[in-house]
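Notes for the one structure printed next.
Chain lettering (A, B, C, D, E and F) follows the sequence in which the chains are written, and residue indices restart at 1 in each chain.
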Amino acid sequence: METQVHAEDRIAQAIERTKDPALARELLREVRRLAEKFVEVHGRPASFMEVCGSHTHALAEFGIKYALRDVLKLVSGPGCPVCVTDQQEIDAMIALADGEDRIITTFGDMLRVPGSRGSLMKAKAEGRADVRVVYSPSDAVEIAQKNPDKQVIFLGVGFETTIPVLAAAVYEAETLGLENFSMWMSGKLVEPIMRYLLDTGETRIDAFILPGHVATILGRKGFLWLAEEYGVNGVISGFEMNEILSSLYILLDLVLKGKAEIVNNYPYVVREEGNPGAWKLAEKYFMPVDMAWREIDVIPKSGMDFRPEYAHFDAKKRFPVTVGKPKPTACRCGEVIRGLIEPEECPLFGKACTPAHPIGPCMVSSEGACAAHYKYLRQ
Amino acid sequence: MCVGVPGKILERDEYTAIVDVMGSRLKIGILLTPDVEVGDWVLVHAGKALQVIDEQFALESIEAWKLINELREQGVIDPTDR
Amino acid sequence: MARHISIEHGEGGEMTHELIRDLFVKYFGHAEEAKFDAAVLDLPGSRIAFTTDTFTVKPPFFSGGNIGKLAVAGTVNDLAVSGAEPLYLSAGFVLEEGLSFDDLERIVASMAEEASKTGVRIITGDTKVVEKGSADKIFINTSGVGVVHPGWELHPEDIEEGDVVIVNGTIGDHGVAILAARGELGVATDLPTDSTSLYPLIRAVRDAGVRIRVMRDPTRGGLATTLVEITEDFGVIVELDQEAIPLKPEVEGACEILGLDPLFLANEGKVVFIVPEADAEKALAAMRAREEGRDATIIGRVVGRSEEGKLLLRSPVGSRRRIFRLLGMQLPRIC
Amino acid sequence: MARHISIEHGEGGEMTHELIRDLFVKYFGHAEEAKFDAAVLDLPGSRIAFTTDTFTVKPPFFSGGNIGKLAVAGTVNDLAVSGAEPLYLSAGFVLEEGLSFDDLERIVASMAEEASKTGVRIITGDTKVVEKGSADKIFINTSGVGVVHPGWELHPEDIEEGDVVIVNGTIGDHGVAILAARGELGVATDLPTDSTSLYPLIRAVRDAGVRIRVMRDPTRGGLATTLVEITEDFGVIVELDQEAIPLKPEVEGACEILGLDPLFLANEGKVVFIVPEADAEKALAAMRAREEGRDATIIGRVVGRSEEGKLLLRSPVGSRRRIFRLLGMQLPRIC
Amino acid sequence: METQVHAEDRIAQAIERTKDPALARELLREVRRLAEKFVEVHGRPASFMEVCGSHTHALAEFGIKYALRDVLKLVSGPGCPVCVTDQQEIDAMIALADGEDRIITTFGDMLRVPGSRGSLMKAKAEGRADVRVVYSPSDAVEIAQKNPDKQVIFLGVGFETTIPVLAAAVYEAETLGLENFSMWMSGKLVEPIMRYLLDTGETRIDAFILPGHVATILGRKGFLWLAEEYGVNGVISGFEMNEILSSLYILLDLVLKGKAEIVNNYPYVVREEGNPGAWKLAEKYFMPVDMAWREIDVIPKSGMDFRPEYAHFDAKKRFPVTVGKPKPTACRCGEVIRGLIEPEECPLFGKACTPAHPIGPCMVSSEGACAAHYKYLRQ
Amino acid sequence: MCVGVPGKILERDEYTAIVDVMGSRLKIGILLTPDVEVGDWVLVHAGKALQVIDEQFALESIEAWKLINELREQGVIDPTDR
């Protein structure tokens, strides 16, 4: 859409350039050329996995995935933190919400995720739960301050990008001496799940579009293992149209050359070392734990949860809930997040399962692959 | 994963700052980027600045086409591939 | 001394009578026609448009307007986009006990002012007061009656390939103004709502001789939902050009922060037209001559007709994707 | 599984669309005229009546009815007592998040049923959903348009000494039914509301050849307030005979307990007429032939005209006292 | 108004007879005849004072006062408990209402009484106070039970009729062990104020229409002092049209004869001894105290307040409020309640002071003489 | 002072009773009239029964005209005053 550049600021102009449609059309042409070359050479399209839900969303929204569908296979990976969360844990978070004595605070993405007994939105509509969507975990801390007679619980679901922000909220609550703030911590780590996918070898992936905002925290060095240990290429990418297109160009070039590199194509935000201070704060409160991923076994040290000494902020410890085994459904989210199937291959997609009436979390979160396909790829 | 937007610091105090994102303003926390200054650009996620934007890199390499040209020159991308 | 609305103002007795006399009659005037339980009116024609909307916007005051302005403009606009000349409005108030009289007066004054822009008369009304905590300060229902003059009918059946889709300005302004006024998500902006009565603009387009196939005001659900409904209701395929859709930077900024899509943000002073390509320039010129049409522009085209109808969006890279109604609600997404 | 209204049903997108399709269209039908933002309608005449009322009754269900029945009957009645044939209604819903879908369906079904009694069509509507705690379950605004056929005009200017005042039945039933449904003051009763659409009864009176000088439905504020307004609006002096005013024992009992005056209790199925004495018997006969007019009776007379108008009540001992509008609200008095 | 007798019950029929309009017309004729006779004999109309606000209300509402205005002077006395309450105490009760931690419960009559800083209705409208009208003080006890986190305060204003009912509520709160229920007790006693009026001799009163419901508690014997010590007639009267008319007949007959008697014309409700059990309960919690009456000095032992041992139910003790001297107004309620002037003699009556915008309490309570005159005696 | 209404006891338990007042029902307390029985009439004030209505008196003297006649016969009222 057309907007006027609002400032003479040079960075503003540079950022504007990442959205320039004319440049995008040029880049797309170049990307297509390289992608066709790959098909020529290998007899099949290259297959890239994006491991970030925001990339999934952007590839679909900008029409890039659609524009390249005949020459490049873009596979969505486990990049939506809600989608990869084990169903039993989702059920527990929703069960936790019921009760007069508490306020559940959450990012918007969790609100409509279907639990075995309905979503948080449903609990809210029925008046069973006081659920509030916040933009920042710190807003939840503020709500706790303003409601001293209520327990305020934040549902802390996120990857490395979000984990330091969750830690910052705990830090704030600690500094304020709040006793009515706690967090259901469900931190997810990118490296273990990527290794799992590479190790099982279920999906053939030529290279990875690496999550630019996770890399903002971990740095380029946080992804070197991919090239060094697996010999697989990766490009750290931003999220605007031209950033993604140029990243695809770089990746195609790398795979054509057969190199194994980690290229930082988001250098104005991603440093070699990331943001070590932010991660240090995260490690003050949280530590790696074994975690069950949706329809995947427990992966060792693949999650982040409270250290024992911060149990008083740990909603799991303070408000234990027990939920039964989730009802099995025909939802194939588990395969979608591993890149084994495209959403369209799920028999429920667009029929029983729509964003208005989602069956699985992948149809809810705007980062979910099913939701992105439903919203942006149906014609 | 996770939405991030660039914004420019308009003012700051010890723990918080006001950023401008294309004319809309947002109050953010700066605990994770304690050294930001007014006039800096930062990447904001979930109400916190995650990183200060490097102006040099932004100006040099933000323009994708230029970047690709450079990569080509550096040999990262096949220079014959035009 | 600051006065407040009490439950007694809604009991239908002396205090209701005083409120009507001291406030509503003061601003809306007292009509002879209104001595009965309904206003009895003579219309210049017997083909009418009739519409209703309830306004529950929270907060009631925001940058560039208030709920009263919205309530009048909103119903005027629904009449106007239906091809009618808006003539009469009703105003049904639900007031929360404790509302300040001064706030109510500002709202009522805005209604009178907004009505005068179109020349529409607020001719019948009702006031209920509910207990504290039983409403958000004030809800206003306005219903409207207008006359569809001969020749003013819309002709959706004439829509054909090549017809253009025009909007009179930037989208999403109202949605962002409200978001900011609510203050809950931390986003602040001085951007005013676009709320305005569109009858004068539509009248100008009509007077310029433009053949309006169909028009509609994209309010709740945004431009996208309104265009989906047009395509479905009248069986047309419309393709929007994403680059052409006018957007204020503040709106884009707020959307980026919260992960919202401006196509689904509410507007209160926008109208989308489908007109023959040949009339496009006339239409744009008529609109651009007015403040509320200054940024009028072509945003898409009719590319065909089909039973079910379809809205498509062409992205800058040339891909087309289909757009559907707003699903549920727009939630700020962070993760 | 019980469904509930969520905020998303009010966002104007897919879920609003589904609610309209699955509920409103199911009961109100889908009108071709309603494809625009306003319903576009042809009227049999160009002299119209236009009215609005918002219904906020708490609780929404009570003995003998619910808010939906009230909302349709109330607006039908305002049109009917203005001399019009009610034709079209709008329905503006404000729903509180969490309202059960079943309750909403019962309400909507009642609206459809009540509309069918008069043959009025619910032709345009609007739905807003507000957050839990921001409304009392449901508020409904109905606005109505009717046609005043030639010869149907009322003639308050012809009122003269000796004209009689007639009411179609017992007063205060609705007020007591609601009081009991609220449960707060401990009074219980099975007495149903009198809520009903009065157009058929008024039509019967008109068809009997009665010259109706003026009529009005005494709702909020009760019989007394409505008659005060008639006397003030049209400059007449009316004397009521206290003994003649029909009252159910349950209503008298509830009033004695709480120290309330039934003259000021709300009604929802009553109409007071002023007619020439010569037409009184015809009017009573036409009313008494119908269920809702079975207890119709003469309750007073016009005793003169004066600029300011005046309502008098003659007590059993022969004293006359002047009656004024309800002052503030009726509070249970104990002491 | 016309109602159908709903039961075959003989008491119901008897009660119905008290409202019979035909009988009323006969009675009125007889009363008028005796009243005229009094005028003949004494050269002036007889002057009776009703000491009960419900009689004030009934005499006006039924049109009896108006019908007899030329032959009988019916003077309203201090029968409205709100009206006789000292303004400073009213201000204190209203000031007490402000605050988030409390719910004020009251009979409807208090809601619109003007305090120096506005009424309870105003405090409620402005959201400063949570004020709830109840029909019974026991409802306030129930509210306290349901709102354990709030202090629930009942404004206990009333005469002997109401005092045992207030005591019953305290008994209930005590039995339930409620710690969040209390009462602002402002009990008023009839005998001391009647004696005050008789002693000052400000108003010439030939006889009293005695309050039937106070007598229900105190018994006929509670009024014998009037005839015995002051030689003044009194008739204990019910409240229906024919009960009042027959009482007037009896009184006129008594004064014509020059006897000094206390006649019980409400014998189906009033016993010789009253309801001693009820008054005993009242005396368990409350005791006579000196009390200031509106624009009258403190009258010794003219009020009822908590005994010291029940201070934990005493809102005055638990929530002390200090209010300044009330703003002086031109309101002449003080004279109205003593029967010194008719409401119409107040220069504000019906002009600055109306029930919608009352200046004094007499214009608010439906038992207040000014309100009764405004509602029923304006033409 | 104080509104009082007569009502008939429909049912009772230890502390409360339901009374009928012309067809409307009301729950009242009976602490002040502990001996009331179903079928009794009571005078109700502010939610409590204050007294049981004496049927004998009600039937005999409730009718005002009759009462006045009696008073006249008893000499309370001048018997010549007709």
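Simple rule for what comes next: a contact is a pair of C-beta atoms (placed from the backbone, for glycine too) under 8 Å apart; a residue touches a chain by one contact, two chains touch by 3 or more.
Model, not experiment: these values are computed from the prediction.
> Trace the shortest chain of touching neighbours from chain C to chain F and give its length in steps.
When the steps are counted carefully, the minimum from chain C to chain F is 2.
> What chains touch chain A and also chain E?
Touches both chain A and chain E: C, D.
> Hop across touching chains from chain D and tell me the fewest hops that reach chain F.
Graph distance in the chain contact network comes out at 1.
> Which one of the chains is farthest from chain B, going by Cα centres?
F
> For the chain pair with the highest number of C-beta contact pairs, give its two chain identifiers.
C-D
> Which chain has its C-alpha centroid at the greatest distance from the C-alpha centroid of chain C?
Ranked by distance of C-alpha centres from chain C, the top chain is F.
> Please decide if copies chain C and chain D contact each other with the same set of residue positions, more than half shared, or with different positions, and reply same or different.
Homomeric contact, same residues on both sides for the most part.
> Roughly how far is chain A from chain B, centre to centre by C-alpha average, rounded to an integer in Å?
Inter-chain centre distance comes to 20 Å.
> Could you tell me the distance, in whole angstrom, between the mean C-alpha positions of chain D and chain E?
Here the centre of chain E sits 37 Å away from the centre of chain D.
> So how far apart, in whole Å, are chain C and chain D when each is placed at the average of its C-alpha atoms?
About 31 Å separates the centre of chain C from that of chain D.
> Just give me the whole-number Å value for how far the CA centre of chain A lies from that of chain F.
Centres of chain A and chain F (C-alpha means) sit 77 Å apart.
> Could you tell me which residues belong to chain F and also touch two or more other chains?
In chain F, 1-3, 22-23, 45-47 touch at least two other chains.
> Identify all positions of chain A at which a residue touches two or more other chains, and write them in rising order.
3, 6, 53, 81, 107, 121, 135-136, 139, 158, 162, 245, 355-356, 367
> Please set out, as single numbers or ranges, the residues of chain C touching at least two other chains.
7-8, 14-15, 186-187, 248-250, 252, 257, 259, 324, 327-328, 333-335
> Touching pairs of chains, which are they?
After working through each pair, the chains in contact turn out to be A-B, A-C, A-D, B-C, C-D, C-E, D-E, D-F, E-F.
> Which bits of chain F are touching chain E when the two form their complex?
On the chain F side, the touching residues are 1-4, 6, 8, 22-23, 28-29, 31-34, 41, 43, 45-48, 50-51, 53-55, 57-59, 61-65, 67-68, 71, 76-78, 81.
> Using the touch rule from the top, collect the residues of chain D that touch chain C in their complex.
The touching residues are 7-8, 11-17, 35-56, 58, 77-79, 81-84, 88, 90-94, 123-126, 128, 130, 133-136, 139, 141, 143-146, 148, 153-154, 156, 216-217, 219-221, 225, 233-234, 264, 266, 324-330.
> What part of chain A is in contact with chain B in the complex they form?
Residue list for chain A touching chain B: 3, 6-7, 9-12, 14-15, 17-18, 23, 26-27, 30, 34, 52-54, 79-81, 107, 135-139, 158-159, 161-162, 164-165, 168, 171-172, 211-214, 216-217, 239, 242-243, 245-246, 249-250, 253-254, 256-257, 261, 263, 265, 267-271, 275, 277-278, 281, 367.
> Residue numbers of chain D touching chain A in their complex, please.
Chain D reaches chain A through residues 4-8, 14-15, 18, 97-98, 132.
> For a test of understanding, state which residues of chain B touch chain C in their complex under the given definition.
1-3, 5, 7, 20-27, 44-47
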